[in-house]
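You will see two complexes here that share chain A, one where it goes with chain B and one where it goes with chain C.
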Partner chain A sequence: MKFVDEFRDPELIKSTVGEIESLMQGRSYRVMEVCGGHTHSIYRFGLEQLLPSSLEFIHGPGCPVCILPMDRVDEGLKLAAQKNVILAAYGDMMRVPGHSGSALELKASGLDIRMVYSPLDALKIAVDNPQSQVVFFAIGFETTAPATALTVLKAQELGLSNFTVFVNHVTVIPPMRAVLDDPDLKIDGFIGPGHVATVIGACAYDEIARDYKKPVVVSGFEPLDILQSLVLLLRQLNNGEARVENQYARVVPWAPNATASTVLAKVFELRPTFEWRGLGAILQSAVKLRAQFSQYDAEVRFAEVLANHRIDLEKDRIERGRGPSTPCGEVLKGLIKPNQCALFGKECRPEKPLGALMVSSEGACAAHFNYAHERID
Partner chain B sequence: MPISFKDERIELAHGSGGLAGRRLIEGLIAPYFQNDLLSKLSDAAVFPVQAGRMAMTADSFVVKPLRFPGGSIGSLAVHGTVNDLAVSGARPLYILANLIIEAGLSVAILQEELAAMAQAASESGVLIVGGDTKVVEHGKADGLYISTAGVGVVEAPRALSAEAVSIGDKVILSGAIGDHGITVLLARGELDLSADIKSDSRSVWPLVKALLEACPQALRWMRDPTRGGVSASLNELAADCGYSIVLEEESLPVDRAVRGACEVLGLDVLHVANEGQFLAIVDAASAEIALAALKSTPGGSRACIVGEVVETKKSPRLLVRTPYGASRVVDMLVGDQLPRIC
Partner chain C sequence: MCLAIPGRVESFVDAERRMALADISGVKREISVDLLRGEGAQVEIGDWVLIHVGFAMSKISEKQAREQLEVLAMLGEAVAAAEEARGYGQS
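On to the complex of A and B.
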């Protein structure tokens, strides 16, 4: 298959692994792949098995489902429980546990929750169901944010009054800085998120290389992409360099995508702060709809519902005390490996996840669980 | 005088057991399945039994949409039942089919499905010898559900079971995987994606029969990898026999369009449902003979040896070995596979 097979060529993979081995001679490095897609690929293709153990992968905070705090999940699901509301969400969101169950469980109990592949599908549901309020549960980094923005503009163009978006879009640079600012963490370099860079451009990582003196190699998602990116990263590390390199040039431009940037700037503005699961509040790390689009903002349309929900939740918390906590943050920051968590594979499993990292196939824990290493030979 | 059925839609009255119900059964349904066992329309079909062993199975079909490229709920109900018997080493003989119809279903659609069942039964060499019909309120079912029971006579000379499997046995797959699951997923129209593929829904009995004739003593275990795909079937086998199974990724037959859809949607083809394939575990010494028998049977040209049974390291698992030397564990799915966003 074109665009796939050439990036999985066994001979090239073997020779690239050989190159990595020689670059690693007598050295050890810790490399963070920020993006959940890369985490998935590393496990899916068994890349860790091929590489020297002195090259350690730290799985970073780049899975949009995993970093969403449970309160936000609850709030989205609360909207689905309102009379006459249809909630539309990406497949990734369907199994994420809230306090009172996941979207899939609530759907099975009768709520109208639909899985969509694009926000435009959610818009179509709104067009087809004029008597219902359709809420799109928007998640993702800059990768998926432009599609949401365009959908809001489309809703405006169509004059829809029954479509809103529950915006949970986040930005990729602030959490990278947060991870680097953590004194406990030692990261030598980054495999830079690829698809998000199609929007923000590879140049967006310049500040990481400049301010923290860490090399960043923007990478594709096939085995050879990731291996070649490691070669580039190791060469920089061995030479004491800290630059941004773009391995994924067939998809990622150096400059930001002008069209997407315009649309994002038109529709969204930065939130002063946003809570990240495991990382806590990070300043200017997420967006919301600008005031002129407030009629499409679920947080405005359902402000009262959400405010009451938050009061109830707070009361509940005071009564019950704190619920069971999961050390997802430590995994997200790479302080511990998924299987070093006491809950991993025991209380927390893909069929009954306690933490979001166990939900999405991009979550480090689910990837580790599903594709756990077992060498055949 | 023959009873005729002239209504355009199924109504609750058709399930009442009164005259309307009789008209539905005798005037519409039964004529599609003319055979001596059915024509008496008594409370049970009575048939002679042969010496030996018989196999019996049950299945239910709730597919949405009812029709999809390459098949429909009617043909699927017959093939699914026939295949459960076939992979048990049994020649399929008789099927009971229960129809649960949603009030409001157009009679034309019901007729299409009855015709599809009749055709699939005839092609599979089985008789539909009876069944039950219920009508439920509008909104309580997706048009039509079919529940079946099947009976067959066992032709495999030795018991097919996980206990018969041993280290070194080969895994044979009857043909390309993933077609049915991807076809139905796309036919739902929820994803803005189309591809030129159709369901693989068919009876696998002719292929099983070829295997039974070519190497009756070498056949250890068979399964049709329907829901949960190859992964579910082989994970169950691993758990039951206590050994691990290793598949060679390169040797898995997958059509281009199916592979493309899986890549785009982030699905693993090993989890995707099939309705016209089966997996067989065969003694290594007879594996090539078994493969040749399948390949020379119509519909078996894409059969191949895809892996083998190996010693268990930690716990019995299904593993896939990549062509570049890495391997990954393929676990059973928790729920449905959900497409990924990025």
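On to the complex of A and C.
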């Protein structure tokens, strides 16, 4: 138990691990933690080393930069290359490689790409630069989507005509259904994302428990939170139950945030389908701006640019195929472990990522790389 | 972006109380509290909130705020979180 000393309450950690050990007696389970924050925590604290090896963690598709397909990254960056355009993006997005480099590399070559921490920052850039078109590269699950929605409403209030959003917001339930529908993947239960549930409410996972008979435990991010969530999950599994339990009730309510839900419904509508890296197209898994907000929609304002770009891309594909393909999708689905990718730690490293899972600290490959040297295996 | 940062509401910067000045680990930044307008969730001065990308997403207790700060520190995300907090409202 290498890390036990640095936990807040080592004794409680030990007894919880003991409880998990007895619940696992003679059994084996595969548990998916959907959220990248949990992935990070599990690796940081070496939880896999503390627990019986018959309890397998599958690191799920809950890291927004990891699941965005490269074509989408390219499209966002294509917008930055337009005359008079300023592209604003979150820090994690800056390092994700597109086919012709990352935002950071394109910025170094002279494009006006700026890192922001909030969509409100992007809005401010638009206010301060009336002669430029500012495009905000929006990513994230329901955690960040309300922020984007409110920012669009604010742009409308201000009557801005030089601000658009390239919307890549995704929703958390459809990919969970997608991994459950995949016959190659056997998942017994979920550690449910915590902070996304402050928006959609713990009740949102009810349909997973009901339709797939899989338990979901909404969990906090501390090691003890995750271990206690595992106890709840294993008890359900051993009893043949499938319910939603909320281990993180101190922060996550059962019901959705009413204001956020209203704002989301007002500004966004579901896309018929959206492409996920590694998971392919998933029906109704992402949103776009409603038609009444089309003047703030980068995909409308730059429709021609994007259409031409897609044609060029397709031609390129036909002529010489695309660059080296990466097996990130298999890692995302839990079919292989990060270090089973031939590129892991060699061509693909945090300082020069080839795949998106190596970019963010919430990506499984980056987490594995950063903490593997501390591990006992 | 996915891990929330706790902050304490110090004052409101507009009449509609949609934007607030928050103390985020000693950094004073403007945040939106628009999402907590819902019934019963009205934010008051002195309240602790969890912040994502410049927007308060939920009210929490002071104890929860301290715990969350500890988690960020343990995950090695405290510096990034402080940077993020400093970044709100800048361009």
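As a convention for this text, the second predicted complex is superposed on the first by the 363 of 377 C-alpha atoms of A that agree within 3 Å, B and C clash if a C-alpha of one lies under 4 Å from a C-alpha of the other, contacts with A are read in each partner's own complex, and residues count from 1 in each chain.
By our rule, a residue touches a chain if its C-beta (ideal position, glycine included) is under 8 Å from a C-beta of that chain, and two chains touch if they have at least 3 such contacts.
Being a predicted model, the structure only gives us computed values, none of them experimental.
Novice: Contacts for A:Asp121 in the overlay, against chain B (first) and chain C (second): which applies, first, second, both or neither?
Specialist: both
Novice: Does the superposition put A:Gly46 against chain B (first), chain C (second), both, or neither?
Specialist: Touch status of A:Gly46: first partner only.
Novice: Have a look at where A:Leu354 lands relative to chain B and chain C in the superposition and call it first, second, both or neither.
Specialist: neither
Novice: Which partner chains sit in contact with A:Val251 here, chain B, chain C, both or neither? Use first/second/both/neither.
Specialist: Second partner only, chain C.
Novice: Using the touch definition from the top, say if A:Val73 reaches chain B (first), chain C (second), both or neither.
Specialist: Once the two structures are laid over each other on A, A:Val73 reaches no partner at all.
Novice: Looking at the overlay, what does A:Leu104 touch: chain B (first), chain C (second), both, or neither?
Specialist: Once the two structures are laid over each other on A, A:Leu104 reaches chain B alone.
Novice: Could you tell me if A:Val165 is touching chain B, chain C, both of them or neither one (first, second, both, neither)?
Specialist: neither
Novice: Tell me which partner A:Arg95 touches in the superposition: chain B (first), chain C (second), both or neither.
Specialist: first
Novice: After superposition on the shared chain, which partner residues are touched by A:Leu150: those of chain B (first), chain C (second), both, or neither?
Specialist: In the superposition, A:Leu150 contacts chain C only.
Novice: Considering each complex separately, which residues of chain A are in contact with chain B in the first and with chain C in the second?
Specialist: 8, 36-37, 40, 44-45, 64, 90-92, 116-118, 121, 140-141, 143-144, 195, 361-362.
Novice: For chain A, which residues count as touching chain B in their complex?
Specialist: Residues of chain A touching chain B: 1, 4, 8, 10, 13-14, 36-37, 40, 43-47, 49-50, 64, 90-92, 94-95, 104, 115-118, 121, 139-141, 143-144, 195, 223, 350-351, 360-362, 369-376.
Novice: Tell me, which parts of chain A touch chain C in their complex?
Specialist: That would be residues 6, 8, 35-37, 40-41, 44-45, 62-64, 90-92, 114, 116-121, 124-125, 128, 140-141, 143-144, 146-147, 150, 195-196, 198-199, 220-222, 250-253, 257-260, 263, 361-362 of chain A.
Novice: Which residues of chain B touch chain A in their complex?
Specialist: Listed in rising order, the residues are 190-192, 246, 256, 259-260, 263, 266, 310, 313-314, 317, 319, 321-329, 331, 334-335, 338-342.
Novice: Where on chain C does chain A make contact in their complex?
Specialist: My answer: residues 1-4, 32, 34-39, 41, 50, 52-55, 57-58, 60-61, 64, 67, 70-71, 74-77, 80, 83-85, 87-91.
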